[in-house]
Structures are given as structure tokens and as C-alpha cells.
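One chain, subunit A, appears in both complexes that follow, with subunit B as partner in the first and subunit C in the second.
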Partner chain A sequence: MEAILKVGYFPGCSQTGTAREYDISLRKVVENLGASFDEVKDWSCCGATSAHVTNHKLASALAMRNVMLAEQQGLDDMVAPCAACYNRLVSSQYEMKKHPEVKQEVESVLETKFQKDIKVMNLIELFMKIGLEKITENRKEELKSLNVACYYGCLLVRPAEITKFDDAEQPTSMEKLVELTGAKTVDWNSKVECCGAAHSIARRDIVVELSKKIIDDAKRHGANVMVVACPMCHTNLDMRQTIMKRVFPEYKEFPVLYLTELLGLALGMDEKELGIDLHTVKFNYNELAAEKATV
Partner chain B sequence: MSSHTHNHVHTIADDIKDKTFQDVSLCYQCGKCSAGCPVRYYMDVAPNKVVRLIQLGFYEEALKSTTPWLCAGCMTCSSRCPQEFDLAKFMDAVRETAIEKGVKVKDKDIITFHKAFLNQIKSFGRAYEVGLVAEYKLKTMHLFDDVDSSPGMLLKGKLKVLPHNIKDKESVKKIFKKTAKK
Partner chain C sequence: MKIGVFICHCGENIGRTVDCPRVAKACEWLPGVEVSIDYKYMCSDPGQNMIKKEIIDKKLDAIVVGSCSPHMHEKTFRKAAVAAGINPFLVEITNLREHCSWVHDDIEAATEKAIEMVRMSVEKVKRDQPLTTIEVPVTKRTLVIGGGIAGIQAALDVANAGYEVVLVEKEPSIGGHMSQLSETFPTLDCSQCILTPRMVEVYQHPKIKLMTFSEVEKVDGFIGNFTVTIRNKARHIDEDKCTGCGLCITKCPIRKKAYNSFEENLAHRPAVYVPFPQAVPNIPVIDETVCTHYKNGKCGICVTVCGREAINFDQQDKLVTEEVGAIIMATGYKLYNIDKKPDDSIYKGYGEYGYGKYKDVVDGLQFERIASASGPTEGEFKRPSDGKEPKKIVFIQCVGSRDESKGFSYCSKICCMYTAKHAMLYKHKVHDGEAYVFYMDIRSGGKMYDEFVRRAIEEDGVKYIRGRVSKITEEDGKYIVKGEDTLAGMPITIEADMVVLATAMIAQPDASTLAQTVGIPYDKHGFFNEAHPKLRPIESTTGGVFLAGACQSPKDIPESVAMASAAAAKAMVLFGSDKLEREPVVAKVSADLCAGCFLCKKVCPYGAVEVREVKTRDGVVIKEIAYVNEGLCQGCGTCTASCPSKSVELAGFNNEEIFAQIAAL
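Presenting the complex of A and B:
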């Protein structure tokens, strides 16, 4: 019997609310693949966009409070499934490593001394750690009817010097994961274009325009679904389609899934179990497969 | 050259360097950042020109421009800059400086949003969307935005009626207190 792999988990605020289904599907998939989570106790907001655009000291300290808690809990690594949280955490760690004065400042605010170098992983790195072969071994369904546009957005890959992950302009790691489900991936141009991010509320006009461009490009390249790994991107690309439909009468809805939901489907779970029914744009694999077979 | 070497006046360019370790003199104005910027179209001054304004000491023009506020923080510029100047980080510092100097921001809804967001974190330790949206709407008087999506979000359990409170809220309040601007 193999020992169960334990991984630290920093959910981030969206996972408890607007991206509830991302949390649900992530936990189920991880368990199905034989790993388990050790959640960071009493974690707080990473500071998000609002902290780093207004106060750099606040931003570092809010992010590092969570790394401090992980260290106190004895974790060696943790996954931050929200690309925005992931980026805040790795950027703050980077700044502290590069500039001793930042480290000193953060340690004085948090009244702590950082001893360990905790590895903060994004969602794709988590599956690499669990082992990609586990997905193939546990696969129940081949998602042959899907042509997937893998969307990385900004914060998984940029800036390369800080994330040290994949390629900032032409990443391919998500495609490799998605292809393990039996789905095909499309070659397209907008995988690292910005969806408008935190402007979702104050400048919805920008978000709608940028997000629609990304969806249009995915459609143009023959995709029938998009896969994302960030709650903020999902809100913009899925929920904001309500406005796209209102502003552009000819606009056709396009399903956007979390990577974990797609993996869950391949592992034999259904849409409801994975929380896919919580999306704005409906998605049902069997219906889509049947529809595809008739055309 | 920064005015450091001439008369030791601490300029805004120096202040930006203190905040983010970004030296504006690195920029030779190739414009690659503005060419790849997804929100350039909405800005009043191109991103590379904001750097130029700071290089030349036109601080007021730079600080009152809409550009830093519209920057989405996507970091396309930062990852493509041939001089490894982190422009997204520079924009953070320009925004922070504009707030410190009390510069009147044209796109003030954006700053109202950020303040409302941080108020939720300060109070509860985590983001509380209902409180955030309520504060934002009252302050901007955009009362009817998103009335089409919010009821559905509540029903799906995506918006919580009550905030998530962390246990050690005091530790987060303390972070705000210790990093507050004087």
C-alpha cells in the first residue's frame, strides 16, 4: 500500500464563495488520485490586487501571513489553486529572498522569523507532484468529444523570473494534462491574454471586451470548451457572458470549465458532483457529445 | 540621472525605486510594453510614456494619468521588457504614490473598489463579497449594476449572506495598523 501523499492547501477567499465549485471539484479529484490536503489553519486573504496596487508593505505582509502559518503548521509545500493568490504568494516570497530589507520589514510586521522555504505550487504543479500517471491510471471516461482551449491567463506564468513555471508566451503544461483525459486541445492565440482581471466590478466594459475577444478566439480555433485555473478568470469568462449576450445579440454562449472539473469528468464523476451546475453557462458532457455526433 | 546625485532631493523617481527596486533610468523607450498592453486602448497616456514622464520629472502629469489605475496587472510588459524593468510593479508604485500625495484620480470607481475590498479584509480577515459590493455600490451610487447576476449567485451559495470570520482577526488588523501610511 502506497503512503497517501499529503499536500498543504491554501484555498483563498474565492474558493469559499464565488468559486465554490473549484474547491469542490479540486478536493474530489485530489482524493480520487490518492492524495490528501492539509489546509492552512486560519488562513486569511492573500491581499489580492487591492493590496498590491495601493500599499506594497501591506501586500507583502498579508500574503506572507499565510506562508508563516504554513511554516508553523510544519508544511513543506502548499497549493494555491487560485492563480492570483499563487502569484501574490510567490511574488512576496521572491521579494523577500531578493531583498533582505523586505524580509526584515515583513518579519517585523508579522513578528516572526521565516526559517523555511515553503514551495507554493499552482494547480498544474500540484498534479505534476501527485503524478500525471495517476490520472491515466484512474481514468474512467475518455472525453473524446471535447476540443479544449487551455487558458492560462496572466498569473500562472508571468513574470517568468518569479513563477519559474512553463513558458510565459507559449505554455504547454495544461495541454499535456488535458490530453490525458482523452480530450483534444486546440492551438490558439489567446492562452496568455488578459481577461481584465480585477476590473470585473469597477470597469465591466473592459472585462467584457477583453474576455469576449478570448472566447471568440477559442471558438475560431475550433474549441467547444475552455479550461481555466483561476477563479477571477472564470468569473470574467463565464459569468460575464450574461452581459456579452445582452450587448451582442448574435453572441453564442460558450462553456468554461475549471481544469479540476474536466479532470473530475474523466475520473468518472458527474457534472452535479463537481459543481458544474453552478456555472452561468450550462455544460453537460453527454449532451455535448450527442450534439457533436449528429453534426 | 536622478536628482540624487545633483542636490540630494528625494524625488518621486527615487521614491518609486525605494518602494519597488525599479529604476526608471533603465527604460530606453522602445515601447514594447505599450505595444503588448491589453488595456492601452482605454488609457490616456501610453505605459512607456508614463515612465518617460517620471524620467523627465513631470510627476504631476504621471500621477494624475488614468494609466496606472487601468493597468490590469497582467505583467505582459514586465515579462517582455528587454531591460528587465518591471513595469507592472512600477505602476503599483505610481498608484501608491498618487494615493499618498492625494492626487485626484479620474477613474475613481476603481480606487473605491480597492478601498472597499481592503475594508472587508481588515474587518473579517477574508474577502466578503456581499459587504464589498454593498460598500462599493453605496459609495459609487452604481446601485443597479449586476442586479441580473446577484440573485442567482446567492441561490447557488456563491455569495454568502454573512461574512467568513477568521479566528485571529486581530493579527490581520495589526498588519493593517503596522503598514498604514503615516
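Presenting the complex of A and C:
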């Protein structure tokens, strides 16, 4: 029997709160594909947004603390499903490599010496590591009724010289993954546009405007669902639709799923199991398929 | 032996980091040194006179000059020595600038190093042998590589002076990029109208041998005596029989399989084609990759219709050898295309502009074809996707230029001018059209150039926006151009019907390979290097090889033409005398010591080592030994390093001299 692939897991704070369903669906999908997680013990905040606009040293040290823990735990790689966590972790690693003085400082703060070069993966890289063929092999349902707009947001593929992953302006890796579920993908314009990110609390007006533009663009290009790989983006694109509806009376709700939820559906799990019912905009594949068939 | 040491400050270039008076003082005490002095500018007239005076007064036998690179002033100091009666090869240059002061900042350490360096040279000069220069004949013919406007101009100038020219062009026709242009700035005169007469002149000139569809494959020899091997690619059409009637082209059934590169892929061409109707020579080429005959042996319609039996499917490439004395490089440029770059490329390309996926986002040369009366739209402004007249065009400058993160650090120089021209041509034909130009800076230096840009803005109403475009997207046949107006400090969105990207001018993709074939240096971008950026901009560092046009750096037409005429003049300077003097730094084989292993023959990169027989008086061959042809030897010293019996010595750099130098350290 094939050895079970063990992958390090850095959940990040969203996975335990607003993006609980992301965590649920991710764990289920990974397990279903025959891999297992080794969660980084005692993980802490990656330093996203607040830290790196306040203090570079703090931002790098916070992120690197988690890398340190992973190293101490004997991991070679770990996945950070949140795009912002992923970005903070790889950016801090990059900073350390590029500037020896940063490395020295971070090491002295953390009272450690980094020995290994731990590979931090984003969600798509995780599935590439597990093996794309596993998805096809374990697929139970072809999601033929879906026209998916794959949304990468700002952080998954940028900055290009740091993430060294896919194309910064015209990425296609998520499409390849989504197409394995039997769903169709649409070619659209807002794949890497900003959703408003952390302005979600203080400047909801900005977030609503930007996120609505993204959703409108997806609709215009024939999508009936959007797929994301970032809890922050999901909050803005899903939850803020309540405001969009209030401000624009003719606004029509548009489902936004985590990539893991879409994969879960293809692997035969149901919406409740995957936590899709926790979303603001409701989504049920069979209902959508039936509706599409009648049109 | 009396030796003089002269230390130059090179203004502050050396003097800033090397304590020159101290170096001179320290060298006074070296054995054999009669006099040691320093001076601010040793290469200047008073400096040279000082050297001459010291040689005569102190009866010096040899001198050491601590100055800049020998590339720069070795000749100057040798001349001064000769004037004072010393053999020029008893002059040693110590490179205190490039090898010492420019690369260090610690004055103390640099000064110590400078003293060491001079001491090495003193030891070498003691052992230097007086040498006499070698005279070589000059072949008074010129090879011009590239048949664009620069190559055409250079060829005509040299030929009109009465010297023979071989003009090699890799495309089926001469004319280059200039033949693709619609009108030219700043006068808006028609490009073809001023170019085609020149092309015909080249074709008809008795002194010019035109070789189109040909590429230089090998260059041997040296200044005045190059042997060049040229591959004349098979056109599959007999050039002597073809009259250029064009019947094969009109009858060819393959119409849509190949893109027309002259039209910048905006149109198709048949399998048998001439690049454009005014091509010189007007002889078609059969494209093997799409022609049906090469697929299955069928078709052959062109054979049937050709009344001259000129079609020859079996024609092979020909290798032609030419003897020339000078080479003019005029290989021109390419435009940075907007397609996605391969993963291993150091250039990123412009994903935000769609990597070429939007049909109506075109580059500068494509727009030239659209604007050209002979282009695919016959000069009417129609966009490639649906043939509709664009009512709003956005021009984006500096795509790839001045952008180290995604393209090239340099300014492509011509884009400010041609973008103004494009916008102007468009406004002249589409009166109700709107033209926007996104720019970083307007660089329009040149006679009547800035006036031209002002005219576009003030008279033709082209709207200039200072800022970059961050994204282009397509929505319902419109292109949404999002950018920033940095003067207003506002983001700006324009719904355009068409977008023109002024992409960077880059070196030809095979420029570096050609440079290696010819043996000239090139920069990191693939542009050929001039010998000196200010004082020798036309010459390469290889004797007898000259540069013309955009192969050296981005250039517009007048600059390319001026440079071509200058290169022609440089070639003619070479032809002004019957013999050339060469440095005697060549290898020499000792007939007594050589055992005839011919290892030197194997390693010589210039093919200068020959086999010679040693015979008795009766004509009996005793042994075979190596012999170095002085004309071909470049003095690289590879043979001396490889010889197991130390029987090859390089004049001016023999073992004794080099070892003395090392021992002095």
C-alpha cells in the first residue's frame, strides 16, 4: 500500500473563525485524496496586514516564528491555505534570503538558527504536490453545470519574483485544477483584481464597490459561480453581497465557493458536509443544475 | 639598461585612489630604473614631451608607463617612444586605472598594489625584445551584413567610391524595417518613396554583389584579409531564369497557411512569395514548411505556370566564399513582441496588456502596416478584429523600454517620435477620431523633432497623458484601458477601440551568435559594442569591423544613415594604403626544438599553424614541424601554453618575460 503523504499545515486565524468552512472542506478533501495533515503546533498569527504596515521586523519575526515551529517539528513543507498567510510566509523567507541582516535580526528575536529551507505552499501548490491525477481518480461527480470564474486575488500569485508561481497577470493554474472536476471555466478580466481586502471593516464602501465590479465581471463573462482561495476575498465577495443587495435593488446574488468546496463536491461530498451552508449566499449544486436544465 | 617609469594621474581617475607621487618615488629605487616621475595627464602633449625629453636626456633604453588600459593609450606612448628613438615594443603599459584605481577604494592598499604592478612591468621590460611591425596586404573589398537602410547606405557609399561590396541580407529582399514604414518623422514623407530608389540602385550597381536570402556562416582572417563563408539559402527558384513575373505567386493554391511577416502577421501569404511587391530582387522564395510539394510531392502548379522553367524544388543551399578587407555590421533590430515569454526567459512580458491575446492591441510595426498605403488595409484605419474604423485609439509608450522589471533598462529612443507620428497619421485620416498617448517623458531631441511632437499635440489635438497603463481588458469589443494620469494625480479609464503598444527595440535574436562568428564584442542586450563610446563609435574593437545603425543601439533613420556613411568612410580609410601594419605579437616555432606533435595546430582557434617539412640539402624529408602563419596568428598564446617542449614562443610575451613578471611579485 502506498504510504500516506503527510503535509505540514498552517491554518492561520481565519480558518478557525470566519473561514471555518474553508478549514473543514480542506481537511476533508485532503483526507479524501489520501493525504494527511501534520498541523504546526502552537502556530500563531502570520503578521498579515497589521504587522507589515507597522513594523517590518515584527512582520518578519511573526511569520518566521511559524516557519521555525515547522522546522522544529521536522516538516519539510507546509501549506498555508490563506493567500495572505502564504504571502507573508514566503515574503519573509524571501527577505531573509535576500538580506542577511534581516535574517540575523529575526534569528536573534526568535532565538533560533534556521537550518532548513521549508517550502511554503499555497492551496494550488498543495494539490499539485498531492497529484492532480488523484482528483480525477477519486472524482464521483462531474460538475458539468458549473461555469466557474477562478479568482486569484492580489496575493496568490504576487509579487511574481517572490511567489515564483504561475503568471502574475494572466494566471491559469486554478483553471487547470477546476477543470478536473468536470466544470467549465470562463476567461474573464478580474482574476487578479483587488477585492478591497482589509478595508472590509473600516471602508466597506470601497470593498463593496471593488467586489461588486469583480462579481459583475464574472457574471458578464457567463460564470454561474466563483471560486476563491483566500478567506479575506471570500468575506468580501460573499458576505458583502448583503450590502450590494441593499444598495443596488436589482442586484442578483452570486455564489462564491472556496476551491476546496468545489473539489469536495466533485469528490462526492455534500454541501452541508463541506460547510457551504455557512456562506451568506446559498449554493446547492443540484438545485443549480436543475435550474440550468430548465432554462 | 636604463629604464624610465612614468606614472599618470589620469586627472583624478587614478590619482583619487592611488597616491601617484608615492608610486613614482618608490619606483625610483627599483633596479634598472634611471628616472621615475608622475604627471597629471601623461597622454597630453606636455606629458608625451616629458617622456621624449627624459628618454633623450637620460639615454633611456626602455620605458614603463603606469596609466589607463593599453587599449586606450598604448599606441600614444609607443609613438612618443619611437619619436625619441626607442623601439615601440620596449614600452610596457601598467594598467593602473582599470586594474587598480577604478576597482579599489582603499588609498593605502591601492597605492601598494600600484607599486607592485609597476615593479612587474619593470622586470618584464628589461627582457623585452625589440620587434618590428609586420606588413600585410589589404583586400579592397567590403562585406556589408544586413540590407536595411544602414546596410544599403554603407554599400552604396563604398561602391560609389569605386570599391567592391558584397551585401548579404538574410531575408529574400533588401529594404529592412524601413520598407515596412508608412510615413517617416518629422517630415511625413513616404518611407517607400525615399527607400525603393536606393534599393534599385544597390541592385543595379556594378560594384555591388547582392546576396539576399543569405547568411554569414564563418569569418576567418583579420583586418584587411577576411575570408567569409556565406550560406546562400535555397529559394527553390533559379535566380538566373526567373523574370519576377509573379505568375507562380498568383496561382499558388496555398493562401492561408503562412502569415506574412512583412505585414507583421496581419495578413497571409502564399507558399511561394516575395515579401512585398517592391522587393529587390523581385525573385520569389518557396517556403518549404507550407508548400504542398514538400509534404506529399503533389501540386506543382507553379512548375506548370512558369514559362521560364525557373522552379527547382531540388535546389540546395550554396556555400560561397568571399575575400574582403573590411566588414560593416548593419543587422538592425527587432521589436520586443508582446507575446508571453517562455518560463526561462529573463524578460517577463506584459500580461496586463494581454500577452497578445487581444487582436486590436498591436505593436508599433503592426500599426505602421495598418497606416501604410501598401498595407493589408491599404492605408485605411481598420482594426484587425472586425475591420471597423477605430474611433478611439490609445497609444502606450515605453512598453519594455525603461522597465527593468519586465523588459529592458534602456530607452528605445524612437518611440516618442513614432508614436506622435502614428497619432498624427490617424488624426489626419479619421477626423472625428480620438488619440490618447500614455507617456513617461517625451524624449524628442533632434532637428525639428520637438516641433513635430508639439504639432501632434497642438494642431492635431492628440491627448497626451503622463502616466502608465496598469491594465487592458476587453469588454464587448471595447478595450478598457486603465491607467494613471500622474499630472492630475487621478486614475483614468479609457474605452478604446484599439491600443498601440510602442514596444522596445531589441537586438536581433541571433545577434550574439553572429557577433561570435565575426569576433566582435556585444553588450548584455545583444547590441554590438563600439570601441569607444565617444571617440570610436563606429568601430568595433576588432580591427576592420565597423558598426552601422540599430545593431549598435536603438536608432532612427537619419542616425542609422549617418552611421552607415561613417562606417563606409572608415572602410575606405583602410583601403587608402596598399599595406597594413600589424603588431608583431605572433607566435614563432623553434625549428630545432619542435618535435612535430602538432598539439598547437589542434588548439589554434585561428587555423594559423601549418605543417612544414624539414629537408636535407638533397631534398630528403627529415621531419615535419609546426609553422605559424604570421598573417593569421592573433597572438592569443594558446599554442605556447600547450606546447610540451616549449618550442613555441609568443613575441613580446615569451616565457622569460612572463616568468620575470611573476617572480617580481
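Criterion: the second predicted complex is superposed on the first by the 295 of 295 C-alpha atoms of A that agree within 3 Å, B and C clash if a C-alpha of one lies under 4 Å from a C-alpha of the other, contacts with A are read in each partner's own complex, and residues count from 1 in each chain.
Definition applied: a residue touches a chain if its C-beta (ideal position, glycine included) is under 8 Å from a C-beta of that chain, and two chains touch if they have at least 3 such contacts.
Predicted, not measured: the structure shown is a model, and the values here were computed from it.
Peer 1: Taking the superposition as given, does A:Met128 touch the first partner, subunit B, the second, subunit C, both, or neither?
Peer 2: So A:Met128 meets neither subunit B nor subunit C here.
Peer 1: After lining up the shared chain so the two structures overlap, which partner does A:Ala48 touch, if you call subunit B first and subunit C second: first, second, both or neither?
Peer 2: First partner only.
Peer 1: Touch check for A:Met239: first (subunit B), second (subunit C), both, or neither?
Peer 2: First partner only, subunit B.
Peer 1: Just to be sure I read the superposition right, which of the two partners does A:His99 touch: subunit B = first, subunit C = second, or both, or neither?
Peer 2: Touch partner of A:His99: subunit B, not subunit C.
Peer 1: Where does A:Ala160 make contact in the superposed view: on subunit B (first), on subunit C (second), on both, or on neither?
Peer 2: Touch partners of A:Ala160: subunit B and subunit C.
Peer 1: Counting touched residues of subunit A, say whether subunit B or subunit C comes out ahead.
Peer 2: Counting contacted residues of subunit A, the larger count belongs to B.
Peer 1: In the overlaid three-chain picture, which partner chain does A:Leu288 touch, first (subunit B) or second (subunit C), both, or neither?
Peer 2: neither
Peer 1: Now for A:Leu5: first (subunit B), second (subunit C), both, or neither, which partner does it touch?
Peer 2: Neither: A:Leu5 stays clear of subunit B and subunit C.
Peer 1: Once the structures are superposed on A, label A:Thr18 by its partner contacts, choosing first (subunit B), second (subunit C), both or neither.
Peer 2: It touches subunit B, and subunit C stays clear.
Peer 1: Where does A:Gln170 make contact in the superposed view: on subunit B (first), on subunit C (second), on both, or on neither?
Peer 2: second
Peer 1: Of the residues on subunit A, which ones does subunit B touch that subunit C also touches?
Peer 2: Shared contact residues on subunit A: 160, 168-169.
Peer 1: Any idea which subunit A residues touch subunit C in the complex?
Peer 2: 160, 167-170, 189-190, 220
Peer 1: Which positions of subunit C touch subunit A when the two form their complex?
Peer 2: Those in contact with subunit A are residues 340, 348, 350-352, 354-355, 357, 473-475, 480.
Peer 1: Mind pulling up the subunit A residues that touch subunit B in the complex?
Peer 2: Answer in residue numbers: 13-14, 16-20, 42-45, 47-58, 61-62, 65, 98-99, 108-110, 154-155, 158-161, 168-169, 192-194, 196-199, 201-204, 206, 210, 239, 242, 278, 280.
Peer 1: How about subunit B: which of its residues touch subunit A in the complex?
Peer 2: 19-21, 38-39, 42, 70, 72-76, 78-79, 84, 86, 88, 91-93, 95-96, 99, 107, 109-115, 117-118, 121, 125-127, 129, 133, 136, 140, 145-146, 148-149, 152-153, 156-160, 164, 166-168, 171-172, 175-176, 178-179, 181
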